[in-house]
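Shared between the two complexes below is subunit A, which pairs with subunit B and subunit C, respectively.
The block that comes next holds the complex of A and B.
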């Protein structure tokens, strides 16, 4: 894991992490305008299943509770419905901020983040998207299931076998090699360069 | 009298699901769009958009570069409209395009990455959802003009989901074509085929998206509520524009029945399949009604 890019507050209400978020997180500049109305948390389809709703999470960022923020399941339970984004009276792009905090939590190596279902799924997904240029739903799902270990992978595979066989039967899951882009080397060159720029940006 | 329709050529970005779980959306759109005067020119050698999770593993610039390559290829092909039927593809492509226009850093980063293979992109494509094209450019009169086999008597719950309309449908650059909470385009599509759009409050509720794919335990109750209201309101089928909504709401009905003791078995189809059927086209070859986990007999029985 790369070194932590964001500062860790030394005491309560130390604003150094909050300021970093305002400046570095996608949409963070608008987050400074949050007035704690709770429209976001109230609009969230699974807000009740989050450790903290977005409203509380934003206040926690201001309170300097960096670790609690970056290890909360709030980041992994966001279903990306964008209700909060379109309803926020201060136009805070809540979903984008949660996505970016999730990326940050993984990048900074918090175990709760790197072992989250979302991060494991993202890893399998990104592998397919970048290797083939396309998402292979079969391989992504299998890789994701077995990221939890052999026995859990087997268990998850069996639990979904009926659906998988149905998808094959209805020709919504093909047998054979993965679909891929024709110009794979071109795509790989673009992505290698993009990863280099990303690393450069993150280490600034 | 036949009405002569002028053909509009658009760049068509089908997205990865078009070759897998959402194949029936792709098949039915390719069948009906030419009849609506729209020629789909597939984006040359398109790649994945990064969906809802790419950023976690890949980061900003690589995810933006994915859309950047697609948009650059479409532009090289000389079209102006970059159109996709997939909610997540639309979200990512539109978002990246806007960033490229409005954020100098993103524009430079994407172009530096594309520059590795001598490509560049300036943000000049118009990224649109295909439903916006159908609602605004085609219009319901042109759809109705193609209906040779009206689906009268079939009750449909129009389920739109999230990213087709949120967060861009009410923005100027997003075409300013719909509201976020009470979009009516899908009910208009359904009515145009002669079917009945039943009242449906859950139309923009979330199916859990990719969270439902990775951890259905977290979100099965969301899908249960979506199906429940459709059932309560007497729907024969649920229709949706979103490939992930279609798959989630269809494939998990069995699991929901086991978990909640319900007895759901409602087919979930795409609006484009209803179009194909009502246009009198082949129920399998064109409407792809054979590609469902929950049989679509109620629709197949109406094929002409």
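The block that comes next holds the complex of A and C.
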């Protein structure tokens, strides 16, 4: 996705935001073909947990409701099951679009996005993956819990202690040093290169 | 064209309403016509309808008069159970190889039915989309044209076959008949090969494997007096009259995973189905699930008439899937796009409004060099002449118009 800021509609029927999404969001060009059939929202295993669901969200993008779109929980409640993508009669890659919009919402600093459980968890997950090349459940969980503040982190940690010890006992979770890939320095070089390529592509 | 022996004869492939129309029009304008039909009877898919919109008349209306015109005409030669194996040449001079399958009944059959009474084994009945069975010696349907029995090849060489043969007092049964091919010389070829229902089993989320999920073409047969239930709309699982019925529009059509185009007739066919149900079952409710309703031209008045009935409800939603439910009731799941409600609604019977796929999808026609469009319809361009649904998704009246135009093009081709 382009690094440029997305335009905020200033008046009714301002199509700038919709156009920006069509052009910059992964799969956005196909979103332009959405015929509002409802298959995606009806296929979603947690469709009832979403404020708008993908179909309505896409219509809101067309209507220029940027603020509401980027603060929607639909972006965060998608579990990437791809049911909607498989069934969409217009081959709209719904999942990709939701992911990119979530990224956009974080980048543009929408509080609902940056403070959402999913964003904080994703951040913790990414931190472990990039640092060690593996996800270490203990570190990811700890980082995620403490993202809500010291006392909240402690509270959540304590509340789950029994489960954690049970997992250790049944060898579902290990104690000791974090799991790592062999050459973390090589991994970091790969990631740096990927970032460089992405930046280059975005500036094209 | 360099062809020296020009032929004024026109070959029409497919004997549905379109092929019949082209044949009759060309013959009445003074041309000889060879009409080749794959099935044992003429009439195509229209013969399989219960009634047809907009006026809900019986299919005999349109067909019977045309059968009379064919009978009266000395210029039309009809081959049933026949297909085209190869086409050579060009406009003005084609050599077409026709292949016939054995009917095992000669033209002198009087349709007395003695052979049918002698038959003991049964085969699936294609006229009723395999919802019931017929005897191995059968009349394809009550208004068959030609009115002539067919004997299934499975009885040849069996004692049953001998009994069937012996039962025919006029000796019309010929169990030794074989497949045959022969050539005809014609000046033009018109493709009127029509359509087949899009295979519902490909719509995996719609669970056509469940007993009470049927297709719109099956609904036509259920409602027909000569159908598997003698015209009573009953659910397949238990033979009970359904009280709550869902019709799902665009089942396969307007879907890039299936048929990318709008089949154009299924919205109106479903209005007809709502009308069939409401005529028979006073307390039944019908829910129509749609993306948008496409009643073209003057047919909108039919849609409005059905909409007036409070027991026919409209839900703006393409259902996401069907789940099996208690009591063999399929459960429709999806999002109502007007209310944003996510529903899971059980029904006694669900009808999938499957679209029309061109018969070329069956892959038993000679190759067309580049004359098929992206969807398999035969594009009327250059020397290729197509009529009716072979050329695109059309209703009967539009098919007839296109067939008349095709007759004119064919006549011109023979004169080119």
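Please note the rule applied: the second predicted complex is superposed on the first by the 191 of 204 C-alpha atoms of A that agree within 3 Å, B and C clash if a C-alpha of one lies under 4 Å from a C-alpha of the other, contacts with A are read in each partner's own complex, and residues count from 1 in each chain.
We take it that a residue touches a chain if its C-beta (ideal position, glycine included) is under 8 Å from a C-beta of that chain, and two chains touch if they have at least 3 such contacts.
Worth saying up front: this structure is predicted, and the values here are computed from it rather than measured.
Superposition model on subunit A: subunit B and subunit C are shown accommodated side by side without a clash. Superposing both complexes on chain A places the Cα centres of subunit B and subunit C at an angle of 70° as seen from the Cα centre of subunit A, in steps of 10. Of the two partner chains placed around the shared chain by superposition, neither subunit B nor subunit C is touched by A:115. In the superposed pair of complexes, A:182 makes contact with subunit B only, with no contact to subunit C.
Partner contacting the larger number of subunit A residues, of subunit B and subunit C: B. Shared-chain residue A:130: touches subunit B; no touch with subunit C. Contact with subunit C, but none with subunit B, is seen for A:89 once the two complexes are overlaid on the shared chain. Judged by the touch definition given at the top, the superposed model places A:47 against subunit C, while subunit B stays out of reach.
Judged by the touch definition given at the top, the superposed model places A:38 against subunit C, while subunit B stays out of reach. When both complexes are overlaid on chain A, the residue A:193 reaches subunit B alone and has no touch with subunit C. Contacts of A:155 after superposition: neither subunit B nor subunit C is touched. Note on the superposed arrangement: subunit B and subunit C approach each other to a least C-alpha distance of 6 Å.
Subunit A residues 83, 87 lie at the interface with subunit B in one structure and with subunit C in the other.
Residues 35-43, 47-48, 52-53, 55-56, 83, 87, 89-91 of subunit A are the ones touching subunit C in the complex.
Those residues of subunit A that touch subunit B in the complex are listed here as 26, 45-46, 49, 76-83, 85-87, 93, 95, 99-100, 102-103, 106-107, 117-123, 125-130, 133-138, 141, 144, 162-163, 166-167, 170-174, 179, 181-183, 186-187, 189-195, 197-198, 201-202. Taken in their complex, subunit C has these residues touching subunit A: 205, 250, 254-258, 291, 316-321, 333-337, 340, 342. Residues 16-17, 19-24, 45-48, 50-62, 64-66, 68-69, 109-110, 112-117, 119, 162-163, 166-167, 170, 180, 205-206, 208-215, 218-219, 222, 247, 251, 254, 290-293 of subunit B touch subunit A in their complex.
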